[in-house]
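Structure record follows, encoded as structure tokens.
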Amino acid sequence: MIKTGVIGATGYTGLELLRILSAHPGVEVCLATSDAEAGRSLAEVFPSLRSHTDLVLSAHDDPAASGCDLVFFATPNGKAMRRVPKLLDAGTRIIDLSADFRLSDADSWARWYGETHACPELLDTAVYGLPELNREAIKAARLIANPGCYPTAITLGLLPALQSGIIDGDDLIADAKSGVSGAGRKTSMVTQFSEAGESFTAYGVPGHRHHPEIVQTLERFAGGRIDLVFVPHLVPMSRGIHATLYATKLDTDASVQTLYENYYREEHFVDVLPPGSHPGTISVRGSNHCRIAVHEPGNGRRLVILSVIDNLVKGAAGQAVQNMNIMYGLDEVEGLTFPALVP
Amino acid sequence: MIKTGVIGATGYTGLELLRILSAHPGVEVCLATSDAEAGRSLAEVFPSLRSHTDLVLSAHDDPAASGCDLVFFATPNGKAMRRVPKLLDAGTRIIDLSADFRLSDADSWARWYGETHACPELLDTAVYGLPELNREAIKAARLIANPGCYPTAITLGLLPALQSGIIDGDDLIADAKSGVSGAGRKTSMVTQFSEAGESFTAYGVPGHRHHPEIVQTLERFAGGRIDLVFVPHLVPMSRGIHATLYATKLDTDASVQTLYENYYREEHFVDVLPPGSHPGTISVRGSNHCRIAVHEPGNGRRLVILSVIDNLVKGAAGQAVQNMNIMYGLDEVEGLTFPALVP
Amino acid sequence: MIKTGVIGATGYTGLELLRILSAHPGVEVCLATSDAEAGRSLAEVFPSLRSHTDLVLSAHDDPAASGCDLVFFATPNGKAMRRVPKLLDAGTRIIDLSADFRLSDADSWARWYGETHACPELLDTAVYGLPELNREAIKAARLIANPGCYPTAITLGLLPALQSGIIDGDDLIADAKSGVSGAGRKTSMVTQFSEAGESFTAYGVPGHRHHPEIVQTLERFAGGRIDLVFVPHLVPMSRGIHATLYATKLDTDASVQTLYENYYREEHFVDVLPPGSHPGTISVRGSNHCRIAVHEPGNGRRLVILSVIDNLVKGAAGQAVQNMNIMYGLDEVEGLTFPALVP
Amino acid sequence: MIKTGVIGATGYTGLELLRILSAHPGVEVCLATSDAEAGRSLAEVFPSLRSHTDLVLSAHDDPAASGCDLVFFATPNGKAMRRVPKLLDAGTRIIDLSADFRLSDADSWARWYGETHACPELLDTAVYGLPELNREAIKAARLIANPGCYPTAITLGLLPALQSGIIDGDDLIADAKSGVSGAGRKTSMVTQFSEAGESFTAYGVPGHRHHPEIVQTLERFAGGRIDLVFVPHLVPMSRGIHATLYATKLDTDASVQTLYENYYREEHFVDVLPPGSHPGTISVRGSNHCRIAVHEPGNGRRLVILSVIDNLVKGAAGQAVQNMNIMYGLDEVEGLTFPALVP
């Protein structure tokens, strides 16, 4: 049994981790923390966990963390980096679901996240936890930067075409849509039911923190300079990301459909749909799958790729558990085999 | 491995059965049928099942059914009763999720369901599959009438008080609310998104088929004559039932809270919440739990009981799997331990 | 032109007032206030008002209020009572959409609203602004207590039967459901999209502030002692209240349907539906109507009344404008003739 | 008073026309038709119209149509073209909200709508009813082709930049999102609440009927060849269209913001938001406005335009009434001055 802790257990990614880990046969959750709710039982905060856990929340700085084999950080950005160095020294492995270790450039991180990075020396050590691209590095990692939700959907959608050279990396558009849980479990006016319900809106068009993360990954894994326009939108639903990706095709005779099918043939969690498909986000709600469809509409100059995930599962907690499975040599799908909840 | 079949696999209860059974370690699903979709693969009809099943749908009258140990009927009302006698003769056990065997009186059945019953002689043999009331009979049953969704939430909410004699059975009100999936997976105007969304409405106030089922169960298990007003409502959400139950208290010094806690102390799937609680349906979405809260507001003359379930799980497919576990001597919670999907 | 001001213009009732008043031919809005947003234009805070108003928000204590003929208070509870006495002295008439003047008993008010009332001497002067019951008093009123949303739906549903003596006032149940906008325009966890969406829950079962208001009105207008159990619920939709009302019938040969139709025959905004109807809240979304259906299910011992309104219109801003029309001798329906927005 | 008729009154655009016309001071609705519901009163079919109309539905071929000054067709595609020639001969003017007269090329129409056009000789006579582009022609028109919902949002968003030559017409992307009411008021599986709710999906990527309409308008009003990729998506909300438009900028020093503001300065119904804005569809729900925001993110190579409308108002019935006002010399905003319904 892997002894794990969840730092920041009362946000949506924390809750989702606990949901998944509670049914994982190889894991024991020994620690769940929340500064705001310390002292209350998890089941009191989340009635959905009644009969599933007896854990009582402790404060974030609970020293028990260093007794865990593995600690998940599901904290707001800027928290994990203050705690990670000591935990690594204590021999604890880390999967950070926040953004603290996603950018390898400390200056870029500071610019996007509004403060100086607390441990820039670890940015190169951290392994970007997108298993489909980076499985070997994950196996040996002591510190995983779990990818953002938009970056997961967009990177998985674009990389096969980019790496094979059939599209122009200098001219990419990612029109992405997210359910409201992507904004986290905190009160705000824009995510109030009466504000976000029955409306659809773009946000962050001038710039969004996930932009440099996506570009960094595409450049690292596909090579070449990437020019990407990324526009996120808020959808009146709780879960799900749908990325509609546009790329200009370069001259090629290759079947894009075949290319994608081959690229992901061995990947359990990436599903390339038959030609002509339109994946709905509900087809992955609660599951760790990414479903992708490939289109070449009209005159065929453009490639249109549709990529859907559950932002809390493949876009956060499910991917974290997938990374854990890889790090500990478990079956990669262990604890992640549940189908989506439909309807 | 129990060899099972699902007759009527393309409705919401059929899909939910397949979702649950796909993760159940003791079951093999050998057969899934649909007259409308026969010949297509299940994963083609339900993309959420891609990578979870290779089954191809066959027609309802597929003779392979009689080769199964257990057959689930998730068909519209009036279908199972035509097929069940032969399957029983062939030694197959049956769990019927439709209403065909829920009423023990054939005349009443004919009145509410609009046709003569095809095998009235089996109505007495059928065991009402509410495990918390009827576990012993379920163990030996060859034919289970799986309860309706409203009856499950309402019966579990009322029985402890009724059986203990602290409320008046002659004066009960069940104000019940259901998500739209309760209407099944078929096209209709009232369940169109633009009709059912952003609206709340009662329906069936003059009479609803679940009324005689609820009264029959309450009278059978609590004794005495029951007078119940039952008003169902449609809620703009996909899943969930919330029953708000009103009863007039008889003179008693008993603590109703303690009574309920004791009544369900050994029941894994019935959760009596602490005093002052208000369970939300999302706390059981996708799970097999029923959560109950007990209130005595104002002058205390009235008992108000709040009871929530997921209509497709504890109100249909999850309860069916719970019955199966009991029938086959498995751990009753096997395959049903997943927490609710929140948010 | 009536010169009006809206104190508290940035909540949902304030916004709804501005929406309705902007199309009212007999009214000029001279003042809109908000402490938090003072100095910003209304159209900046609410893009939906762009091109409809040039008003700039001023602070709540803007002395311009006393220059208005009529001031609407759409402030949180406890604000209006501190300001009203001086405005009345200045000759300004008041319609208070908050709860400050709804209860005639200062002790009861203090108990439910958690502070001593600031001007208890005005509680008797204030006129309860439910036009269908109180039209004559409203005509001459200088201070209107605009009814709560639940009380409007429930009172209009119960009064015809209560006043005619065909039901027992000592045994009433109001199972009421409200859209999320009923909680006001402020951030809170329970009204976050991901918390309130796809869930249904009761709240306030032990006691709710609208309970004494409902009882006071029923007792005042129907006579006799009222015993009412009132259970509110939160519905995953923005607007709308649905009250399901249960009463025990006394011996009578009267047709309840005819009784209700006659009672409201002259009322433009109360619509008694044909027998067998089930009004949906969307049928009044954005309109000032209350739609009512009357049922006597089963053995006919119980009367079940369904009553729907838009909580922000007939339950707040629309009713306030209706009161204004009456106070100023305008056509009562002026500015309120728009049909509901469906779908 | 203009005597009008609505052919096809029981779809969502028909209902929306009736809602708007019922409050229009210069119009009398003399006729409303529906083959399926002929003989029933409108208020029976749509309870939201109770007290707003006494009209009884007649069949589509009701000869009373030719006695109207103006007839609106809100019928499914392929119906209006069979009826229009005779009505024009009778002197009746026509606004067709279906697609029958939107494409000027009969072959293209036949290809996209699956049948031969019934009166190709009228395709050139029909005036495309987008007032902001075509006001002069509309004034004199006898037959208006009311634009599609997607084309309205996309054309209004792209034309200022296209006509001024600052973007490349050969490289346009329109990523558009629509509420479910865009699919019309008919039963279908994909628009069932439990299918469309809590999901987001693209559809029609290989080709959509609005594509040739958009291209035709852009080419006609901006000149030059247009290459447009158009991807529509379904949003879990009832009303609203959000178009996210991507274009490659040509060398220019012009301020795009100023360009757009100037272009629409005199247009009451097109609102260019301040720099940095993100319009939500709810800000136009129920109103006839189109709100537009202009962005040049990142390196500024791309223009990103956000354009929102209510698909049933500016995208259908409101625009039709705007056209009527122009045709009859009324104030263009008559009957269309109501603000959006928020929340």
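Should a chain be cited, it is by its letter among A, B, C and D, assigned in written order, with residues numbered from 1 in that chain.
Heads up, the rule we're going with is that a contact is a pair of C-beta atoms (placed from the backbone, for glycine too) under 8 Å apart; a residue touches a chain by one contact, two chains touch by 3 or more.
What you are looking at is a predicted structure, and each value in this text was computed from that prediction instead of being measured.
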item	value
Partner chains shared by chain B and chain C (touch criterion as defined above)	A, D
Per Cα centroids, the chain farthest from chain C	A
Whole-Å gap between the CA centroids of chain C and chain D	36
Whole-Å gap separating chain A and chain D, where each centre is the average of the chain's CA atoms	39
Distance between the centres, which are taken as Cα means, of chain C and chain A, whole angstrom	45
Numbers and ranges of chain A residues touching at least 2 other chains	12, 179, 181, 185, 194, 197-198, 236-239, 279-280, 282-283, 285, 343
Residues of chain B touching chain C in the complex	173, 175, 177, 179, 194-195, 197-203, 205-207, 211, 227, 229, 231, 233, 235-240, 242, 244, 246, 276, 278-283, 285, 293, 295, 297-299, 301-302, 304, 306, 308, 343
Chain A-facing residues of chain C, complex	12, 179-181, 185, 187-189, 191-198, 236-238
Complex contact set, residues of chain D against chain C	12, 15, 18-19, 22-23, 46-52, 181, 185, 198, 238-239, 268, 271, 273, 277, 279-280, 282-287, 289, 291, 337-343
